[in-house]
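Chain naming follows the written order as A, B, C and D, and within any one chain the residues start at number 1.
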Amino acid sequence: MRLRSRSFLRGTTVALALTLGATISLAGQAQAPAKPATAKAAPASAAAGKAYKAPRTPDGQPDLQGFWTNSTYVPLERPNGVTKEIYTPDEAEAAIKAAALREAEQTEPGTTADVHYDFSQFGLDRSQSTFAKNLRTSLIVDPPDGKIPPVTAEGQKRAQERAAARKAAGGQYDAVENMPIGSRCIIMGGAGPPLQNAGYNANYQIVQGAGYVMILTEMIHDVRIIPVDGRPQPPSQVRQWVGLSRGRWEGETLVVETTNFNGKNAFRGASENLKVTERFTRTADDTISYRFTVEDPATWARPWTAEAPMAKTDGPIFEFACHESNYGIANILAGARADEKKAAEQKKGSN
Amino acid sequence: MKRLVLGAVAAVFLAASVPSAQTRPYKAPRTPDGQPDLQGFWTNATYTPLERPNGVTKALYTPEEAEAAIKQAIQRESAQTEPGTTADVHYDFSQFGLDRSQSAFVRNLRTSLIVDPPDGKIPPVTAEGKRRLAERAEEAKKLGGRWDSAESNQLDDRCLIMAGPGPPMMDAAYNSNYHIVQAPGYVMILTEMIHDVRTIPLDGRAQPDAKVRQWMGVSRGRWEGETLVVETTNFNGKNPFRGSTENMKVIERFTRVADDTIEYKFTIDDPSMWTRTWSAESAMRKTVGPLFEHACHEGNLGLYNTLVGARLEEKRAQEEALKKGSK
Amino acid sequence: MRMKLAIAVAVVAVLLGVTQVRAHHAFAAEFDVNKPLNLKGTLIKWEMVNPHSWFHIGVKDKDGKVHTWMVEGGSPNQLIRMGVTKNTVPVGTELVVEGYQAKDGTEKAVGRNFVLADGKRLFLGGSAGGPTDPVKVK
Amino acid sequence: MNVRRCEGAKVQNRFLIGTMTAAVACGVLLALTSVMAQAPAYRAPRTPDGKPNLNGIWQAMNTANWNIEPHPAAPSPVRELGAAGAVPAGLGVVEGGEIPYLPEARKKQQENYANRLKLDPEIKCYLPGVPRATYQGFPFQIIQGTKHIMLVHEFAGAVRTVYMTDQTEAPADSWMGWSNGRWEGETLVVDTKGFNDLSWFDRAGNFHSEALHVVERFTPRSAETLNYEVTIEDPKVFSRPWKMSMPLYKRVERNAQILEFRCVEFAEDLLYGHLRKQPAK
């Protein structure tokens, strides 16, 4: 581990030379270094009240096109112990710093936790690329306590049933179907809806054509093509992992309603009857205000709403072919089978 | 009843020896786009054999001789089988109107459909042709007995293709009926048996690439005056016509020579099999529709039954052999 | 401006390491904590693929026979945004890999740390050079 | 041979007598000139910024995904699928009928075909590559943005970004390649490189190397059809550049939309079933 200690020493020098807080806060501002961090991070008031008017596409839609990220250190739910809704800029910086430190915690060589490649060598820790800043203490803005509302009895029952079904299917590494859908390259957190910070590569490309808004999620090249021509939802038999979305423009705001989920990628335990309403408003050249409301009476006692701005970032989005080279699946399953064999042999030997 | 009458009354022989279509006074009615109109229901059922029977030396019968030959053929066709013999195990074709004489059929003074070579026989097979025939026989042998598997059975028993659609289009023994429909640029010929359809483009397009091969080949047509000329190549060779290979070229000529008759001539050109080209002349007679859906494969219980029967017989034979062995 | 700041942040991240919170899959299910290894060899191919990239490294055993190890690294996408291309790490580059071998015992591993022959750390992220910066392979 | 130069020569040849030399130099390519390419000029409706409007959901109607070369009907490679899995005959979409493989490459194609159930990336739900994605039989949607034109395919959610302004070389090899686009009159020309060597052109094992260079030309030919013409160049596999062409048809149903064909889970048992835990004996 000699090499690692060398980089540790070198890193220390650099860390001393720069203030960590400034470093991190400014890194997030990479696209618009001239603007103070707080300018666009203030809690969004109603988009309609803003002076900013988005540029227009050739066919007159507010222009949302480009590369965006919703990478953020702000948690969906308000941390326990935090009572205020909005941090001061200083508090926000401190919170980001703490989160970045947590994210960057060193793992102990030789421990299970240490078995991974180093994200930083591949530019994958959040702070190496643009992330969206936000003075909020939680993305959830409603209910006012910043927490997901209580789960209904029906929702609890479903959660138990799902857990029981998983248990009945056997261990996580018994078969590929038992593995998490993200590991299987079926869908990842970013695609939503609602769109969520994917941990890394939390990037989106928006392209608008007449009558359509397309959102490409970087992770697993998930595409949503949202018609904005007023067509009705398709029949309820047609259900998809990402549901089916219908959009409309309300002034500066793109409103997208999504239903017809297949329930296999349950968002926070939601049912297939989940309805997500998203509101995209460009509030600055480098910011889209993104609010979503989640309604699922079968799961939650009341609808809830979150706000997670998207910050302009750099392209390109390189092809995230995931399944095609997902060697990890075979390695993991083969590893599990090898472990079983070893255990069986040991058992035989001890007899 | 109506058909019986038709068959009996249509006693006018196709004057096979009369001058060629071009000089005939008859001019076919026209389709709206000006093609000679061949549309309607037609049959090529006939008692005239493709090749001249051994012993017959003339090319044309007198009308009386022709009548006698037909009568004889009808009698042969409806000869009673001996109860209790293998030959008797069938339903009675006549009860289902399936013997040729119960519906319209083509009368022909010719002693054979083949008009060239003049001896009325298919020409000699080339050396390559002999080799190919031997190879085919070898392959068939490898497949085993006819009832060893579905694949080793005959094409018609498997409902793959029957004699009717060709090309060339031949008498199918029963249901030898065709429905011709024309549209601008196309002539369509529906063969009743296994609803085989030929859609023949007339727009001068080229034959497709040699890799595209079909059971019925690929046909291209053109009008030469009153005559529809159809050239067909790109056969897959899996339904050899009298031994033909995939290199066969068929040229057919359809000429409406009367309201109720289409003269049908064809020439076979397959140097891989025969030392020379050969030609035949027949006709299609107007008949009565409709052509009811001849879904064949779908209801082909016979194939299943014969296979099951063959397997049972094998089992029985095995058991008997065992019994004998144990004695 | 942006680059330098990014570098600084990156170095902090390097210094502290990164937890596997955001891993695409459970690494420890694929690789064996009880089989740490140290491989020295030359790059045969870098598969710039997702969800994880893979370094094919030719490693000589004591008899001089070359074994091709497949070593897992991160998604290349962010690197590409930072300007890395398939020409950045040439075939033939000498690499030292500290890591953990696959549980199934085959010649596969996760690269906990990729280091160049001269002892400098292979750093593919947004580095633009400089005396204290991590090394970027040209 | 530089295809584009030849296309130039072709145009010249049409208008100037005396450029026959150029035409002869490009003889093989000229022989490939498609019938469709000579369709009478059609002027497409324009987007508000004046570009031919290709927005819409498009689909090929042919058997190219079975085999881009001319082919007869053939049985299903999977016995259980009977007629449902059988191959429909096709006249082919390759101009001249035959792909000009180098001899060794033709052998490899034949091996691919013989082992297609094991090797065809489509069966494994892998990204289809280019141009296969266009004629795979699934619809795809063209979304004409200001800087980027997106080609969004239903199969496996494959997606291509066509860079119309901020063009660069492919940073790395990929399944769908790296596409830069330009307008030539009515035609959207998409130039794609940076492929890996893993995708196929069809189920018949027709293939390419990572040296593949694809130039696609999307030309409106009526309100609801496009001409789609593709030039393929790959000196490691083919003896010369070659072309394929076909019309694409617009899906005109009012409610037409690209639906999910998230096929990974449909292929997992095939790929990983052998690693399933066996019940304890």
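In the analysis below, contacts are C-beta pairs under 8 Å (C-beta built on N, C-alpha and C of every residue); 3 or more make two chains touch, one makes a residue touch a chain.
Everything numeric in this text was worked out from a predicted model, so none of it was measured.
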Min distance from chain CA centroid to global CA centroid: chain D
Between A-C and C-D, more contacting C-beta pairs sit at A-C
Chain centres from averaged Cα atoms put chain A and chain C apart, in whole Å, by 25
Distance between the CA centroids of chain B and chain C (whole Å) is 73
So, in whole Å, the Cα centroid of chain C is separated from that of chain D by 35
Per the C-alpha means, the centres of chain B and chain D lie apart by a whole-Å value of 43
Two or more other chains are touched by the chain C residues 76, 80
Two or more other chains are touched by the chain A residues 173, 185, 315-319, 321, 324, 334, 336-337
Given the complex, residues on chain A that touch chain C span 1, 3-4, 6-8, 10-15, 18, 20, 23-24, 26-27, 30, 33, 100-107, 109-125, 127-129, 172-173, 179-180, 182-183, 185, 188, 199-201, 218, 314-322, 324-328, 331-332, 334-339
Per the touch rule above, chain D residues touching chain B in the complex are 69-73, 89-92, 97-98
Within the complex, chain D is touched by chain A residues 57-60, 63, 65, 170-171, 173-177, 184-187, 205, 207-212, 214, 216, 220-223, 225, 227, 231-232, 234, 238, 240-242, 315-319, 321, 323-324, 329-330, 333-334, 336-337, 340
Chain C contacts chain A in the complex at 1-2, 5-6, 8-33, 36, 47, 49-54, 70, 72-82, 96, 98-100, 102-106, 108, 110-115, 119, 121-126, 132, 134
Note: in the complex, chain D contacts chain A through residues 47-49, 53, 55, 121, 124-127, 141-150, 152, 156-159, 161, 163, 166, 168, 171-172, 174-176, 198, 254-255, 257-260, 262, 264-265, 267-269, 271-273, 275-277
